[in-house]
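Please go over the structures that come below.
In the two complexes below, chain A is the common chain; its partner is chain B in one and chain C in the other.
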Partner chain A sequence: MSGNESTLQSRLLRGAHRTLTGLHPALESLLAAVVGLLVGAILMYIYGFDPWRAYMGLVKGAFGGSYEISSSLSRATPLILTALTFSICLRSGMFNIGAEGQMYMGGIASVLVAYFVLPTGLHQIAGLLFAAFAGAVWGIVPALLKVTRGVSEVISTIMFNWIARWLALYLAIFVIVDPMRTEKTLSIPVSARFPVLVRGTDLSYAIFVSIAFALVIYFLLWHTAIGYEVRAAGLNPTAARYGGIRNKRTMFLSFILGGIAAGLAGATIVMGLPPTYAIYGGGGLPQLMNLGFDGMAVAMVGRNHPIGILVAALFFGGLNAGGRVMQFYGSNPVPLEMVRVVMGAIVLVMSIPELIRIFPMAKKRTEELIGSLRRLTRRSERRESA
Partner chain B sequence: MSDQATPSKNGFFLKADRITKVYSDGTVALKEASLEIRPHEIVGLLGENGAGKTTLTKILSGLLPPTRGRVVSPKGVVRFVSPREALDFGIGMVHQHFALVGTFTAAENVALSHDRPFTGIRIAETRQDLNALMEESGLHVPLDVPVEKLAVGEQQRVEILKVLSRDVDLLILDEPTSVLTPLEVDELFTLLRRLKDEGKSIILITHKLKEVGSITDRVVVLRQGEMVGDVKTAEASTEQLARLMVGQALEDEADAVELSTEEIPHARTQSDVDRTGEGILHVENLIAKGNTGEIAVDGISFDVYGGEIFGVAGVEGNGQTELVESLTGLRVPVSGTATINGTNILGVDPRQIYRLGVAHIPEDRWELGLVLPFTLAENAILGVHRWEEFRGPLSFLRWGKITQHVRRLMDRFDIQATGPNAPAKSLSGGNQQKLIVGRELAKDPAIIVASQPTRGLDIGAAHYIRQTLLEMRDAGRAILLVSADLDEVLAHADRVGIMYEGKFMEVCSPEELDRERVGMLMGGATEARREAE
Partner chain C sequence: MSFSDILGLLRISLHAMVPLALTAAGEIVGETAGLFNIGLEGILLLSAFGGALAAEIGGPGVGLLVGMGIGGVVSLVFAVINTYWKGTQMVTGIGINLFAVGFVAFGLIQLGAPGFHDVPKAVELVKWRTGMGLMSPMILLAIIVPIVIYWFLKRTRAGLMLKAAGEMPEAADVAGININRIRLVAAVFGGVLAGLGGAYMSVAWLGVVTKDLSAGRGFISLACVVFSGLNPLLALLGAFIFGFFQALAEWVKTLPSKPIPGEFVSMLPYIITLLVVSGAIGRVRFPKSLGVPYKRE
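Our next item is the complex of A and B:
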């Protein structure tokens, strides 16, 4: 009995030790979120706002009721997918900054369903397929450049974002434009729209596309040989090659999957975000802009794990939804930009590698403390047995 | 000056006094090593990989603190906290992997190395100093070209200039010739001789016997962290040095023979290996290039038959790595044929080679053998993850079966770990190697290619792995054992090929070899070969 207790004790100690020194990834994300919010609070205080009231407004606006929660979920929908784009590629050892561009292409492609008639259900699937295909194509090109010409994927994906942006803008204004209302593209026909999930909100069934895709990616990466290869190649390409894994193939695969995810993100906005169901060309694609880049922040906070991303996307969706409310909060109207400051601060904190290393002394102290605790328990055990 | 030219008893520049180094993972890298360095002298530090050469020089140059022992200068004990302090004292090291900023010019790189916090970088001044230094040393490099555009030999000269510009008295070079062409080696040696004449001390780390003979004044031989020889180069023969390096110190040769004879009868019990026709592994005229484009494997032919261990001995860097990589799908050779049971394996994907029944225990378990952040379970299926045993429909991994498999491996190969989900990097070196060996042998292979299977392992783990290989041999498998540990090869192989510069100097049974001849063959002494013929 005492033997069991001591193992439990030592296990707890070890757990505490690991938590304090290595910081569990999830805790690290939480810490980053807290620090980000703190930075925001300090800035608000400096500029004469009441941070407490502002954050109360933010929380209420994000999760205060079913309307608010629906808004947050709706804003999380595309972020889940663009975050997956970044994470899948990172797992295979590549930096895919191209979610933004791939998402534009996906969004544009999904508008094509307006040109033909299909029964509901098939029509949505057709739109998703178009979007996935367009996103994947936009993702493959940088992968090809990398494999054949050695072009850094960081550079090429960023450049492809700009190509996609202007191409999408051109197509939205001149090609797939609504002849009656030239500021937007053709609207998605009703048969291809994702129905609204909660009445009176802009949350649609599109969120299930995001969640399903995240689950698919989770099973793919951790439960299939294909995903195993992707992760092995990402962590140690040399060992992967030794293990008979073709690194080029895993790289292609990750870019294709990433492109599909980003393309679907575009589709969830175009086909699943009431009330417009179209892309506004005017103002530079305002509905789509920055979703790809925000996805990278979500991926970081979600620790590049599909399940973590689901949680992180909800948090970021909440920030976006609640930020609007914070803006109009009575006598304390904090500008919406403050939310982006908070996001930026979170990303900065997340990019500090192994946060706890800033405090090597703290680490050493805890180690000493745990060492002495262990010695104490051992001594008492010995005494007991004697 | 005069007392420098004839060093008196106290005329040393720096002395390592009984230095012991134990790394935090328990590896004993140096045992009571002592070394005296005098001006006007080039000391060769000779030893295999892992012998402790680099550790010793890192301690001398302030990169590592010694666990026990001290570094002494004529003025007393010195303790360097950083390489910078060692540099200030007059000790400079040129590492095997250059520490240069590729996009900076030579002048900028040198200026950078002089940089102190808040002093700024003075390129123009450095250029002037460098021009003077180049004039003085005869060491010329273009100063205004980014160093990544320079040849490797030139880059090395930049490194040397960097150190010389700090006015050092002791120059330590870690394997400086491994990246150089023969012509560049000649140039380097001319420079080193000139520096020596100027009164500097030079330590040359190497495992090439030829170099030692041609340039050093004194040779210090390290073997497994112990200093086994400190002789004047003029008084030592190449064979003697080879023996010191790969065999044992002369004085305990008796012990060593006893040790190996103890294992030999156990090791070779099977003499009824049928060596007619082609072996399980058949290699003919294999030619392969190394990473820098030189011919590393130069027309090798051999067969490995079921039920025997074919050993490849030799000083490292003579083509063993390239040979193994060519046979396991990691390197595409230039020409030749290699088959396993008649099927070609050259230029074939590793995955297909494993399907033919090849197990590969790689020489670098961290880089090649394991994905360190992966768990035990994930590592246990590396290379076999697509086999039906572990992969179900839709490419789903059968984690249940995999976990069972790992538990069996942990039992059978005595792998100490907290469980199948422990990360591989949390294991000790011995357990990591057992994991690899277990994984590879679980493939039920026809042939096992084992490259340095016991390097860096403690005696227990090494013994265990050797026994396992012997068991596999007795079970009729073919084994190709490549090792820099000569005793290991001689004690376990049924036939030995001694490799030198990409060729087999000799292929024979270990009984036909005595230690002296092995040393000569490994050192490339062709006379030994001729005598034998």
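Our next item is the complex of A and C:
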């Protein structure tokens, strides 16, 4: 009966990659972002804020200078990785909602480096390995349940998120707790921390972990045979099976890679985000909470492509960093939570594949625009060749 | 464990069952027609918040009605995107959940106390005094609604039309059924029930709104639906089982001896969900066109 279940999943997936008719995917993401920001503006207006001033504050806080840009990049670091978790699995034909839980486990596992001494360099690598291993283990169980029992990964990954949350809370409060300060876990020793990249900001070398992993995934999925198999299985599982692709293998691979990505996301927070370098147990793991879910928004806007995700993560990182500034912006303090409202609206819009068809005028205009752009580039190419 | 303990446990289980049973029953109607709404979690949260605010203005009845209205409106957005606009159902649902988490947290801050809002005792729905202690009348409703839906899906013409829209929309279309409209109505009905479940949580049961009030109940309802194979009566049973384990978790936490840490007890409902779903999956069959937008050739 697991066959029936997997066809249900593939049916739910159908259309997840679809782009707007005649519109470049990047333009479509841009349009969704604009609509999302508009929804946020309307809500702010209803609550009596000045949306224009709030967004000006947000943009200034996100990209207004080197400190602000560093802060945005720092917020983007874990989002890149949790977005990859969702995208790798979507490319292979499955909905992995489990980045949140896998990230908790990764974050907890990376705290373990506090228990032993290693030279700098090796110590960071040890932490990343721990996190990747924990994330992968947490990700592989839903894959196993799907293969052996036919359990929908949507249900199982959601349940594993909740189990991970309580397990992480228990471990943070009772097991790897700092005996001096019981509200947090042991702090990562200096030799295992990622050094700060831009002085005076919280941007650390951890961002290179994210970028490198995104590039590795890009290479793996688009330039290797196994990556081709993963994508083929996602586009049409039946055809892929006839073509000799072992769907179970691609499924396990994508869940393991996704788990590793999410685990590393936890590690970048614990080992690479000043000033705490530890996990606070109180209030439900506030530093880690929701990063996994936000990653899904990043993945959608990044069109489930590693390079797109890098750009989208910068946008959402900017929203978060700017939102922090926005909430203290003079007489117009809009709470940070507004950012998540905007994210939700953007994802809602992203789920409409034929958005442009609903607004025929906009489609005509953009087609004209694209046409004229194409003519321009062709003309300049011709000039160059001449 | 004394007799009164058992009665208390049963009472809390029945109360915890209500939102799960209502949400699952509504989702069964939607899934029968071919729409898979993963945004139930967000609908529960939004309607709990809106219902509580409305109850403070107009009393508990208004609160429940407004909760139903919010559930209906959110589902209408979901349904329009996924019928007339041929959207991707999973992604729409994820969007609804993100939006709800942000919106409710934002709204709670605007009310003054970040992350927390008490519903005054005076506007909470009355509870009936019974042999088992104070019971909410909503429990009765949560038992009746799945039975009515079972009858509706099995025995009425409209129920058959819903099934046709979910199983083979092409044939149903030829037979003169407007697929998009019938799916829309089914999804909105499901949303109204989920909204009732959400408003029940804040107005008639817990008496509080927090930013994580729904605590995975929308997802557990989805698990109930999967476990039941779209049979409302089995989903009701599932809702009771999950409600019982939630009650058990709360009860074990209050024990003075602390046999297991509270965190592990809190995990229990989710682990049980996994176990039940992995055990029950063999005989589950879903409508053929669940999740597929209908397009006329």
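FYI, the second predicted complex is superposed on the first by the 336 of 386 C-alpha atoms of A that agree within 3 Å, B and C clash if a C-alpha of one lies under 4 Å from a C-alpha of the other, contacts with A are read in each partner's own complex, and residues count from 1 in each chain.
Note that a residue touches a chain if its C-beta (ideal position, glycine included) is under 8 Å from a C-beta of that chain, and two chains touch if they have at least 3 such contacts.
Note that the structure is a prediction, hence the values are computed from the model and not measured.
If you put the two complexes together on chain A, you find that chain B and chain C bump into each other. Contact comparison for chain A: of chain B and chain C, C touches the greater number of residues. Contacts of A:224 after superposition on the shared chain: chain B is touched, whereas chain C is not. In the superposed pair of complexes, A:341 makes contact with chain C only, with no contact to chain B. Of the two partner chains placed around the shared chain by superposition, neither chain B nor chain C is touched by A:270. In the superposition on chain A, A:246 contacts chain B only, with no contact to chain C. With both structures placed on the common chain, the touch criterion links A:163 to chain C but leaves chain B unconnected. In the superposed model, A:155 lies in contact with chain C only, and not with chain B.
After overlaying the two complexes on the shared chain, residue contacts for A:235 are found with chain B alone; chain C is out of touch. Superposing on chain A, the segment of chain C with clashing C-alpha atoms against chain B, chosen from 133-141, 151-159 or 277-285, turns out to be 151-159.
Interface of chain A with chain C (complex): residues 1-2, 4-5, 8, 11-16, 18, 43, 47, 95, 97, 145, 149-152, 154-156, 158-160, 162-163, 166-167, 169-170, 173-174, 284, 290, 293-294, 296-297, 300, 335, 337-355, 358.
Across the complex, chain B is touched by residues 219, 223-226, 228-229, 231-232, 235-236, 238-246 of chain A. On the chain C side of its complex with chain A, the touching residues are 36, 38, 42, 77, 81-82, 85-92, 94-103, 105-106, 109-110, 212, 216, 219, 222-223, 226, 261, 263-264, 266-267, 270-271, 273-274, 277-279, 281-286, 289-293. Chain B contributes residues 328-330, 349-354, 360, 362, 367-374, 378, 381-383, 385-386, 390-391, 394-397, 399 to its touches with chain A in the complex.
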